[in-house]
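Below, each structure is written out as structure tokens.
In the two complexes below, subunit A is the common chain; its partner is subunit B in one and subunit C in the other.
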Partner chain A sequence: MRKKFKRDINSLTEIFIFLDEFVAHHKLDESISFVLQLAVEEIFTNMVKYDVQNPSDIDISLAQDADQVVIELFNPDAESFDIHQAKEYDPSLPLNKREPGGVGIHLVKKFINKIEYDYKDGISKITLIKYLEKPHV
Partner chain B sequence: MFEIKVNEAGDMLLSGRFDASQVGYANQFFDKVITSTVVDFKELDYISSAGLSVLLVTQKRLSEKNQQLKLMNMNRHIQDVFRYAGFDKIFVIA
Partner chain C sequence: MDTFSISRVNNNEYSILYLNGFLDAHTAPELENEIEKLIQEGRFKIVVNFNDLNYISSAGLGVFMGFIEDIRKNGGDIKMCSMSPKIFRVFDLLGFPTLYDIVEEENKAIELFKN
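Right, the complex of A and B next:
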């Protein structure tokens, strides 16, 4: 499944419907559904926030094979930003040392098994891979 | 769909999906919190970093007056989000 979404935080409603359809079609469980929502929201909102003037839509592709879900987000006409270079988030900081922001990418890294970054011809592509647990026998 | 209700005791009841598109709506409620308040997650299905930021800003503001948010009834996915973010160390969670 692949679909374009307007570069706007309010596209999230439409994105969640798109994800729900994918989850229902592949009969994925609620744990996977939660992770897909979180990972896609965090990456999509980052693409919106840091390139708000860019008029290009953002493409989201979803696929599943036997043991993994592969999510790709394509950000056209964008500057290169390798998610692996994002500032490290420190979850041990006390309340008075914390500031809003920075936790989204950290959560994606925690919930997603594999993250790949590619930049080619002005298109910034982030691939997120979530392994599916095999049923116990 | 995300909704906040405030009961007679002043407890806040969250329901639905607390995502980045709901920050403006949520701030209408959290900006008014000035004393220690219970926030009930019983009907909340989902929260992202945007929702965490609303809670963090409120908690920091309240802590200056020795007040705090008290969070309860989180589902296990939201518990994971709080644990990974280290938010389980800066909030009272029941």
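Right, the complex of A and C next:
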């Protein structure tokens, strides 16, 4: 499944409906649904926040094979920003030592098994891979 | 998916916010507005009940981080209760249990203000 979304926080409602359709089609459980929602929201909102003037839509692709879900977010006409280079968020710091930013990416790294970054022809692509647990027999 | 709503119950000493549905970057401003109203009314002792909250992202968590220092400076606090395991996990991954009181039941959260 692949769909374009307007670069706007208000697109989140439509994105969650898109994710719900994918989850229902593949009969994924609620815990996976929660992770997909969280990971896609965090990456999408970062793409919106840090490139507000960019008029291009953001593409989201969802696919599932036997044991993993693969999510791709395509950010066209964007500057290169490798998510792996983002400053690490330290959750052990006291409140007054915490700097804003990095919270969403920290959560994505905790919930998603594998993150890949690619930049080609002005398109910044983030791939998120979530492993599915095999049902116990 | 669910929408998001907040209801509030005021007691003499404290207020309880009941969160319902989806707290994301799109809906977080509603929570921000509600906490701002409490601060403007001088109500700094706040219990937040998460029993009916199905989803939270960093935008929702950011609201609690944004106001807490101001609230504590005024002798108040935000006590959190009734989180499902998946909601608690998000808070836990960001180290919230060391920064906030998070308890299972609402009456325990209220008790914390009385102690």
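Methods note: the second predicted complex is superposed on the first by the 135 of 137 C-alpha atoms of A that agree within 3 Å, B and C clash if a C-alpha of one lies under 4 Å from a C-alpha of the other, contacts with A are read in each partner's own complex, and residues count from 1 in each chain.
Keep in mind that, in the parts below, a residue touches a chain if its C-beta (ideal position, glycine included) is under 8 Å from a C-beta of that chain, and two chains touch if they have at least 3 such contacts.
As the structure is a computational prediction, the values presented were derived from the model and not from experiment.
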- [ ] In the superposition on subunit A, see if there is space for subunit B and subunit C together, and answer fit or clash.
- [x] clash
Open item on the list: Applying the document's definition of touch, where does A:20 land relative to subunit B and subunit C: first, second, both, or neither?
Closed with: second
- [ ] Please work out whether A:85 is in contact with subunit B alone, subunit C alone, both, or neither, and reply first, second, both or neither.
- [x] neither
Task: First (subunit B), second (subunit C), both or neither touched by A:53 - done: neither
TODO: Mind sorting out which residues of subunit A both subunit B and subunit C touch, each in its own complex?
DONE: 9-10, 12-13, 16, 31, 34, 37-38, 41-42, 45, 91-96, 98, 100, 103-104, 106-107, 110
Task: subunit A-touching residues of subunit B, taken from the complex the two chains share - done: 17, 19-21, 46, 48-50, 52-53, 56-57, 59-60, 63, 77, 80-81, 84-86, 89-90
Task: Residues on subunit C engaged by subunit A in the complex (per definition of touch) - done: 1, 22, 24-26, 55, 57-59, 61-62, 65, 68-69, 86, 90, 93-95, 98-99
TODO: Provide the residue numbers of subunit A that touch subunit C in the complex, in ascending order.
DONE: 9-10, 12-13, 16-17, 20, 31, 34, 37-38, 41-42, 45, 89, 91-96, 98, 100, 103-104, 106-107, 110
Open item on the list: For the complex, give me every residue of subunit A touching subunit B.
Closed with: 9-10, 12-13, 16, 30-31, 34, 37-38, 41-42, 45, 90-96, 98, 100-101, 103-104, 106-107, 110-111
